[in-house]
Amino acid sequence: MNIAQPTFAVTAPILLDAANLSCVKQDRVLFEQLSLHLKPGELLQIKGKNGAGKSSLLRILSGLAQPDEGQLQYLAQPLPAALSDYAANLCFIGHQSGIHEQLTAIENLQFWQAASDLHIQDEFTLLAELGLAGLEDIPCRMLSAGQQRRVSLARLWATSAQIWILDEPFTALDQSAIVSLQQHFIAHLQRGGAIILTTHQPLSIEYHALRALEIHYRW
Amino acid sequence: MNIAQPTFAVTAPILLDAANLSCVKQDRVLFEQLSLHLKPGELLQIKGKNGAGKSSLLRILSGLAQPDEGQLQYLAQPLPAALSDYAANLCFIGHQSGIHEQLTAIENLQFWQAASDLHIQDEFTLLAELGLAGLEDIPCRMLSAGQQRRVSLARLWATSAQIWILDEPFTALDQSAIVSLQQHFIAHLQRGGAIILTTHQPLSIEYHALRALEIHYRW
Amino acid sequence: MFKWLDPLAKPETLYHFCGKLTPWLMSSALFTLLLGNIWGLGFTPTDYQQGDSYRIIHIHVPSAIMSMGAYMAMAIAAFTALVWQIKTAQWAVLAIAPIGAVYTAIALLTGMAWGKPMWGAWWVWDARLTSELILLFLYFGVMALHGAFSERQTGAKVASLLAVVGVINLPIIHFSVEWWNTLHQGASITKFAKPSIDPSMLWPLLISLLAFSLLLAALTCVRLRTAILENEQHRPWVKQLVSKA
Amino acid sequence: MVKFSIFLQRELRLLARQKADWLNPVLFFIIVLTLFPLGVGPEPNMLRIMAPGIVWIAALLSVLLAAERLFKDDYRNGVIEQLVAAQQALMPFVLAKITANWLSTGLPLLLLSPLVALLLNMQGASLEAMALTLLLGTPVLSLLSVLGAGITVSADKGGILLALVILPLYIPLLIFASAAIEAASIGLGFTGQIAILLAMFLFSLALVPMAVCSALKINVS
Amino acid sequence: MVKFSIFLQRELRLLARQKADWLNPVLFFIIVLTLFPLGVGPEPNMLRIMAPGIVWIAALLSVLLAAERLFKDDYRNGVIEQLVAAQQALMPFVLAKITANWLSTGLPLLLLSPLVALLLNMQGASLEAMALTLLLGTPVLSLLSVLGAGITVSADKGGILLALVILPLYIPLLIFASAAIEAASIGLGFTGQIAILLAMFLFSLALVPMAVCSALKINVS
């Protein structure tokens, strides 16, 4: 594991550095000259109205889409080249949940364990922690919207990736689940992790390295 | 139009009356002996943790699914018989948005106008009101998550149905959209409408006839 | 070599480069086309076996060969686009595809017209004819894929992928006459050994072949320029260009 | 009626937007037709005998492939769920789907029949018979495949299940249609077969739309 | 390797859960085979001549239909998007998909070949040739259809586009396979065709998985 110890002074390396990004969708410029950087221990919330371009930005930051202009650097290396290192240290969960509806929660976890090197001691305790006790053996399509989201987020409890990129993780979750997810965020940050996320619900986290970046809706 | 004037005294007719509903999913009893009724001018929020059975209840209340036990009455008539009257006076918007991704916002509205007798004076002003100005002619799949939700909710601005049943209407909406949707709810209630909804986000409505019904998560 | 090619990856340079090339290509294409056809149709001796119907060879053979040539060019552009992520190469793929499809259609139609007197049927299911028909479908496939995605980029890349994979079909077309015994003519000019065709027929044929390849290049340049403008319409240099015009 | 025409307009607009929807079945039809002689051998005589069967099997397969996604999008988006909740508009919706399906797959096949005849060496009367059977048969095909699509819309596995449901219903159609073409090709009359096809058309027109509506209702509840 | 086997296990589990996935292609194959004699006429001689082509066309169509949804679920759920973002597991995932596809469609067809021979009046050598071509050809078919599915996964219209992309690539296979069966049926040797089929198999095995990976990457970006 590659997680820096909580010594993130000014000297902490810049994990992700984006310079002068721009994104154009069909003649419409969503954002231009957007720069940001992320250090260990930081949480960056991307804000903006519906349609401002938050999801588009996250897809660029996670290496899925190419920016129309600008560069990304992971640990000072330019991205298309360093993509595989970056991907190995990244956990991206988008609007879609990434779980197969026909498989049970356990089976979905096993799949992701193989696909992205998760470290799960015991799936049952993990799922129980997420409030899914007794539902481990039901195909996910029979779970409620919020329960499906919980299965999808379970990965965050088992990943060793340092950078998390999450698109509206709180969707469909009830209040208690939101609170425990936020606590988990803080634990991750304190271990030297870094998080970029979007959400329309206010964060209720008490933490010193919260930053926000607002994308203004342009037409 | 069949909307009662704001004279909802004790004598107001009971629009929807559910008695002793129960719902069983795979040996699991989600709820039993659940009774509720809805009068003009009332907003009923169904609360409960993820997986408590809120969506299942809403599908029963809207006539899509049958309860395992119990009856529904619409204006004192039992439901399977009065279903077509009831359906004509109902606007149900579920977890799925009900908009076709290949069609533009305008075309989706025209479809729903024909399908459920909406009264839209001018699609363009309606969409502009919802913050979609300039996006009327783009296929909906190119809209962001929140923008798609807005198109789907546009129906609420044009329907003459008295009873609205909404499953997590605030999902993916930004704060300003949530506020204006809630204002629209109040206007509807004051005109004698009635609303049943679920949401995990706290309502910020000031209104005298708010009621809540909690379904406890059982295992 | 790459030093010379590299600037052409830039849309603006390529646009002007194609602009300069087009008139030359176009005029030489028209010249050779006329020359080849007048010579071939008017001044070559009548074949003692086939009568005058063989004269369609001057359209059939060049268009058939160039239908494959166009595919090869398209596949090379596609490969470049995929490996080096060059957008202009991607646009070139779509610029070539319809031209290649038209060549293929011409080869098919002239072949059918020739087949009726020669073989007694418009169409027979032999390997060369069929594989040429498949070539047409491949062109269609590339064009259809291009339009089938909501993300334009995706469509362009995926179409390139199919173009590369479809190269398999080219050797099948060419060697079909050897691998299967067919009704169709064996190789007579595209052999490595000495061509087995009378020089009085060969020359006009070669000129027509040159004409078809020049025409391909010219039309590709024209279509490529439009594609560049379309894709770059919000760039400053295009806006400048438009305001100047 | 107003609803029907608005819904039909919507379907046609969707078709215009996704040209692949009606172009691809046609191309598929042509491709399958070209595969047969390849696999079976190119003797013209042979081909003429097999032609009726081939045409009709190719038609079936192309309509079938097109039908698969007919309701999928609307189901996934919740359109069908909400239509069922709103009750009255379901029937015009289904009728519009059927009409659009025929316009986009049956009609092009009909228009293609001269080309097919050319490819498969068909002559005069057979060509006429083929066009007639296609005219009467493709609407039945559309009706049946919409039925299949409706029945299987919420099934975990659409495509092939659909084929299974539809193929058996489709066999009588195949038998009579190819019998008509065969009769024509050897110079016999074929009004009998055509009359049966007509009956099948009217019969399925009367029954299928209702069946589709109830299939959709069952699928969302 | 460990990843591959876990992924393969997942695919097999999905197949076990949705039995229709592998039962339906098989049934489809059988139905198409029975349609032919119906549409074309039941003369045994005729049937024997057409048999190779028919078998291979039916095999193609059934594999094609099964391929359509191969990646759809995983695409819609965001599984593929997240796999691409995580990079390293994509290749084993694709290989598992290909293997599972062959196990669920190619293998049953192979096992069915004696039955087919019975239905279509095939004898000794032809049967052997058919089994051999199916053994070598169905993996190619699986590879190609997975390629088609990967290429078209985010396309607005899957099914038929897939067919359009795959059929041209598939035609050489059809030609050699049916040539082999035909040669066998008239008593000639067919090692040449079999060798070509083997070459095609190895060739596509080497190239297709990489092509599928890049197709998936393109589709999510």
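Going in written order, the chains are labelled A, B, C, D and E, and every chain counts its residues from 1.
The criterion applied here is as follows: a residue touches a chain if its C-beta (ideal position, glycine included) is under 8 Å from a C-beta of that chain, and two chains touch if they have at least 3 such contacts.
Each chain and its UniProt protein: A, B = Cytochrome c biogenesis heme-transporting ATPase CcmA; C = Heme exporter protein C; D, E = Heme exporter protein B.
As the structure is a computational prediction, the values presented were derived from the model and not from experiment.
Here the chain-to-chain distance from chain B to chain E (Heme exporter protein B), counted in touching steps, is 2. The two chains most heavily joined by C-beta contacts are D-E. The most distant chain from chain B is C, comparing centres defined as mean Cα coordinates.
Chain A and chain B carry the same sequence, and matching their CA atoms takes a turn of 180 degrees, rounded to a multiple of 5. Because chain D (Heme exporter protein B) and chain E (Heme exporter protein B) carry the same sequence, their contact can be compared by residue number, and over half of the numbers here are used by both.
For the pair chain A and chain C (Heme exporter protein C), the distance between mean C-alpha positions equals 48 Å.
The distance from the centre of chain C (Heme exporter protein C) to the centre of chain E (Heme exporter protein B), each centre being the mean of the chain's C-alpha atoms, comes to 32 Å.
Each chain gets a centre from the mean of its Cα atoms; for chain B and chain D (Heme exporter protein B), those two points are 38 Å apart. Rounded to whole angstrom, the centroid-to-centroid distance between chain D (Heme exporter protein B) and chain E (Heme exporter protein B), based on C-alpha atoms, equals 25 Å.
Annotation for chain A: residues 95, 102 touch two or more other chains.
For chain D (Heme exporter protein B), the set of residues touching two or more other chains reads 18, 20, 24, 27, 31, 38, 41, 156. Across the assembly, chain C (Heme exporter protein C) contributes residues 130, 137, 140, 144, 148, 150 that each touch 2 or more other chains. Interface residues of chain D (Heme exporter protein B), counted against chain E (Heme exporter protein B) in their complex, comprise 18, 20-21, 24-25, 27-28, 31-32, 35-36, 38-41, 46, 49-50, 52-54, 56-57, 61-62, 65-66, 68-69, 155-161, 163-164, 167-168, 171, 174-175, 178, 182.
Interface of chain B with chain D (Heme exporter protein B) (complex): residues 62-66, 83-84, 87-88, 90-103, 107, 110-111, 113-116, 139.
Taken together, the chain A residues at the contact with chain B in this complex read 25-26, 48-52, 54-55, 95, 131, 133-135, 138, 142-147, 149-150, 168, 171-178, 200-201, 219.
By the touch criterion stated above, chain D (Heme exporter protein B) contacts chain C (Heme exporter protein C) in their complex at residues 18-20, 23-24, 27, 31, 34, 37-38, 41-42, 44, 118-119, 121.
On the chain B side of its complex with chain C (Heme exporter protein C), the touching residues are 139, 141-142.
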